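Two complexes follow with chain A in common, the first pairing it with chain B and the second with chain C.
Entry: the complex of A and B
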């Protein structure tokens, strides 16, 4: 009997990164940051001070590194969802709405019962509930696509426009998730979730807020990579996305694959939302997502379908986000500058695909 | 006097020499055919003349002047026009509007175009409604618009790159007549084709290309067609089988069926496919199939002849499980498969070579190995992950068996020639288990002679191992060469049937056009 060739699987299991694919984003980032420096100089602020604050915010302390990584976790999950749907040639732009659903239902689960569960189930159950809510939101778009041919770009976007007010409604309404008005607080937000439902920290002793979401994201990266590149399901998703008729003729259930791809994609968004609440914010506000869905979408776009690319992009955007927040606070530079830099990075990378594609086609 | 004189033209793409030292003169007022298999360099030569590519060596002289076009625009300006295999028309604009595109000066004058169209209609018989939308036109009519577009500017040389590949028989006749008309008016025509029958009917001279070189240029009067085939494929046709001669349509030389099949087909076996009273209505309620009855026995090849658009496509889709019949029943080897999913149909033992290779048969972005096992992707897996080395081995074995030529099973399907793609599709469908019936719809469309021969051999081998085969084709010669029986479809019904030995082009042609006699 042949022994299962794990070594062979592992050897074949390389991340598909070609040098050019790495260099292009790196150079793009450098160019974009250079332009950012020029813009900072033009605002009259001290460039050195701004850079100092920027660096400090990104990685100046254990706390800041942890915060940056926590941001990267959510971005990576949304990005993974994007490339999962992308494998079936579907474009999920509804990350924002799926995050909102995930965060809202995770909060509800944490506040209503999950806190008393034993053995870590206290935070696992809300994570699962949040994931399921996001999956439902994504799967709904998949179902519309499969049953009615509705363009998933439109449906995911519009479903986000429904999800965001739903969160707002839930934190506005006392009979839903809003906490009772007290002397200290009258803001429309939920009560803080029980301590047992908060995600355990990886390094509780050094003050870093980094939580086990990092491990969840790492597992997700490997799982998505295996499924997309090394499983029969990955081939089927790709086949269905490339040519539905030929796939149907070959016996595949195309509708099922469309719904599945969107469900999984939405599930990643929901998981990201749940982790944002359970790992960092601990209570629900109407705008808790604040653009992670769209940043995650950009991460997914830039990765060009590679799980490794999602990791790189998520780290980049996660650290940039932390740095820009600190730069605004300590150096008095508008964080809009960093947003401009992010935009530049996207445009330069997107533009440079012409370069890499031309190389690849030779 | 030669209107276009090519001397020593050479064109390389990287290490590949597409054209090697081509010297050729195109006379005024002649129809000059370029004959050759796929990849022989015919299209490259056209593209050099039309300025799409530039030669690496050699010169062109047009009407006594040096001709070095830097692009199609310059070729157009010097009076050379070209109709490409793929049309460049805007589907949702009218014929007249399309004709005005690209020649729009300051003020558009639709009346002028319509007047000019009238002239061309009178001169060449190129009738078409100026107000018709392109998307409502048939392929033949669209091609007519392209030709009108070319003739508007009164060119010296008209280049047609495989114009007949997409046409139905009657449209081909009309096109060839137009070519003659154009030549009669002192213009020259270069016609690219790999169908010998057309050459016999239209060409003044023919140049045979093989592997980028000119093998010979022949004056067609009194030419030996068989010798042309020999130069084209580079070996004796007889050895390649009489099938080949029939495939390239040598008028009057199609061997009698009885002589071709020394071995009696193991026909009159039990029925493997039974279609009864099949009706298919399209979205508009039109009956595309209108009570079709057909039985295919094991060990026989039944051909379906008919002018395209008489229900063949719908029949193919229904048998593949991609469309549901309105009423009627289909039974395969005792299993009813009416209204079944493609998977259930496959499980019943049906192999399908669909009419549209790119849209239905394969996924060109996926690898050859993935396409070979498109219906059995999960077959090679270990712990839920793909076992790519096992799949590669199985694919290599299949590629060897079916002579699919590709550098590796991992290259994309798109990088294969049409012939090898089709061989891969056949390999997949003929390797199904169980398999009792094969549908081959237009299996040789767009293939070169060598590949056509291979496809015929596969189909016949399938028949000989006891399969029932249904061959749907718009090529009469193909049907007559391969089928044991030919049924003629007309407006969604079978209107007549002929068995081997009694095939006649005239009888089939009459039935195809609705003059039924049984």
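Entry: the complex of A and C
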């Protein structure tokens, strides 16, 4: 077999791999976006027109900038959850299900009681409830991993496929969250949440939908960075992820750490879902989480475990998504181009681990 | 009345099971060689689209099936380079391919079929074997299948024979259990794993093509709806044994078909909850509460010679 030659060359190459840790995500993003532009050109659409529509959707107005940032907030939270679990060598690919559970329970809390709470608790309580729902969904995968040895990649995927019909069920059933049929519409969606439960806007005067989720996300970024890089818990998670057996012999409760890592990871997804409902959408639909799970996963992968990387990736994809939606509307170029770019980024990065991580084979 | 609905239920259960049977059977062989293809869903989706497109362009559903197999095998080849040669994380690569396949097929569908959607695509004909149809209850459901549905059972038999009675099957099992020992015994780990992944790709291609040119005679965006993930869990559920895997696929197919039977029988169960039933069963299965198969020793672990 001749093919492994490249592998041997790559392994034997004597250069410092550290710059590659940064270069690989950057280069793969550039390649993927380049291919995206080529695909747009191949449709016969005007590339400049598409890029113009793209730019307009991303940052053409205060409203669009705010909407892009709101999107980035949710992606950053899912990405933080991904790297938190990743610290313990766990791969949480169930962001979509955790978002869905968080959004659904936050809506339920906002509609049933939280609206009358004083002192800003009206929106804090649904946020907490949504976070808890996501944490439970993620923690379940952690529990199955710790107790039954179930691979968390497959369990989190399946849990997403279970969560989405649950949301559909909740907005389809009148005795759950579906709004009563009125003259105007009978769509399967929840009623709008009370005004008191909506997240306060940061700039209420200029029409930007940017809300205080930005501050929540900023705090979360710093907290995750501190915990993962500068706390005993971060060290223990890393130890458990690197070698569970040795960690156990050293007296660590590995099962507890696995469950904890997945619970926190899912909690970030749940918080993201709650913020999406309370921040901009204001009512629950069956597909409100669509695409956010994959986007958040890609953000987490791109960041290579760094909280700062999550911020950059979330901003990139937050603005890309907004741009692609406008591109589809005004330039008639399918927004699926962005999915193609994302898939390519994931594949290129995964295929490059041989360059960036010489121990990847073990 | 009840008989009629049972026949419809059995027929749709079988039709829903066939793509999973194809994909799971190929995947089982690949996993026995140590490679997990989480990209199975993407391979099926790409194949479903290629088959629909080719059948629509040429008027021949068989050409569509062939195109589906070619495309899915090509995806598998790239996946094999990444999983085997570049020793990438098999799970992450798989997710990447699934995103890429969803984006590619959605994009091409809107570009090519956008203006003329809803046009039926030429599909495979049902066999309608009279002697089969005469069997009570299950007969009509069995005989109203396309030839491709019978091929899925044939592939289970072929795969079982391959694994059990051929030197290739021996190599597959050796490489999946203990690649180092297999390598010392002179078996090429890389070659065996490449063949395993390509085999999984070809069968996933048959499964995807079945969805578009045998079952629905159309292509819809994201039409696999996670069938590839169900196939992977069927392999785990079936304990990496071809016959138990087949049984798991049938179970998932019928669980999915319940969403048509229950409303027809006017039972008051929300359809939304029936939608999640197969995935819930799959989760319970992989959590090890049902069935206990031992997974191949080297599953998802890349092999590096002399490392």
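A few notes on this one:
Note that in this section the second predicted complex is superposed on the first by the 312 of 362 C-alpha atoms of A that agree within 3 Å, B and C clash if a C-alpha of one lies under 4 Å from a C-alpha of the other, contacts with A are read in each partner's own complex, and residues count from 1 in each chain.
By our rule, a contact is a pair of C-beta atoms (placed from the backbone, for glycine too) under 8 Å apart; a residue touches a chain by one contact, two chains touch by 3 or more.
As the structure is a prediction and not an experimental result, all values here were calculated from the model.
In the superposition on chain A, A:172 makes contact with chain C only, not with chain B. Legend: residue contacts after superposition of the two complexes on their common chain; A:346 is shown touching chain C, with no touch to chain B.
In the superposition on chain A, contact is made by A:231 with chain B only, not with chain C. More chain A residues lie in contact with C than with the other chain of the pair chain B and chain C. Contacts of A:330 after superposition on the shared chain: neither chain B nor chain C is touched. In the superposition on chain A, contact of A:93 is made with chain C only, not with chain B. Once chain A of one complex is fitted onto chain A of the other, the partner contacts of A:301 are limited to chain C, with no touch recorded for chain B. When both complexes are overlaid on chain A, the residue A:255 reaches neither chain B nor chain C. Contact with chain C, but none with chain B, is seen for A:144 once the two complexes are overlaid on the shared chain. Applying the stated touch rule to the two superposed structures, the overlap between the chain B and chain C interfaces on chain A comprises residues 4.
Within the complex, the chain A residues that touch chain B are 4-5, 8-9, 12, 226, 230-232, 234-236, 238-239, 242-243, 245-251.
Contacts from chain B toward chain A in the complex involve residues 320-322, 341-343, 346, 352, 354, 359-363, 365-366, 370, 374-375, 377-378, 381-386, 388-389.
Considering their complex, residues 38, 81-82, 85-89, 91-93, 95-104, 106-107, 110-111, 188, 190-191, 226, 229, 232-233, 236, 270, 272-273, 275-276, 279-280, 282-283, 286-289, 302-305, 307 of chain C touch chain A.
Within the complex formed with chain C, the residues of chain A that make contact are 1, 3-4, 6-7, 39, 43, 91, 93, 144, 148-151, 153-155, 157-159, 161-162, 164-166, 168-169, 172-173, 294, 297-298, 301, 334, 336-347, 349-351, 353-354, 360-362.
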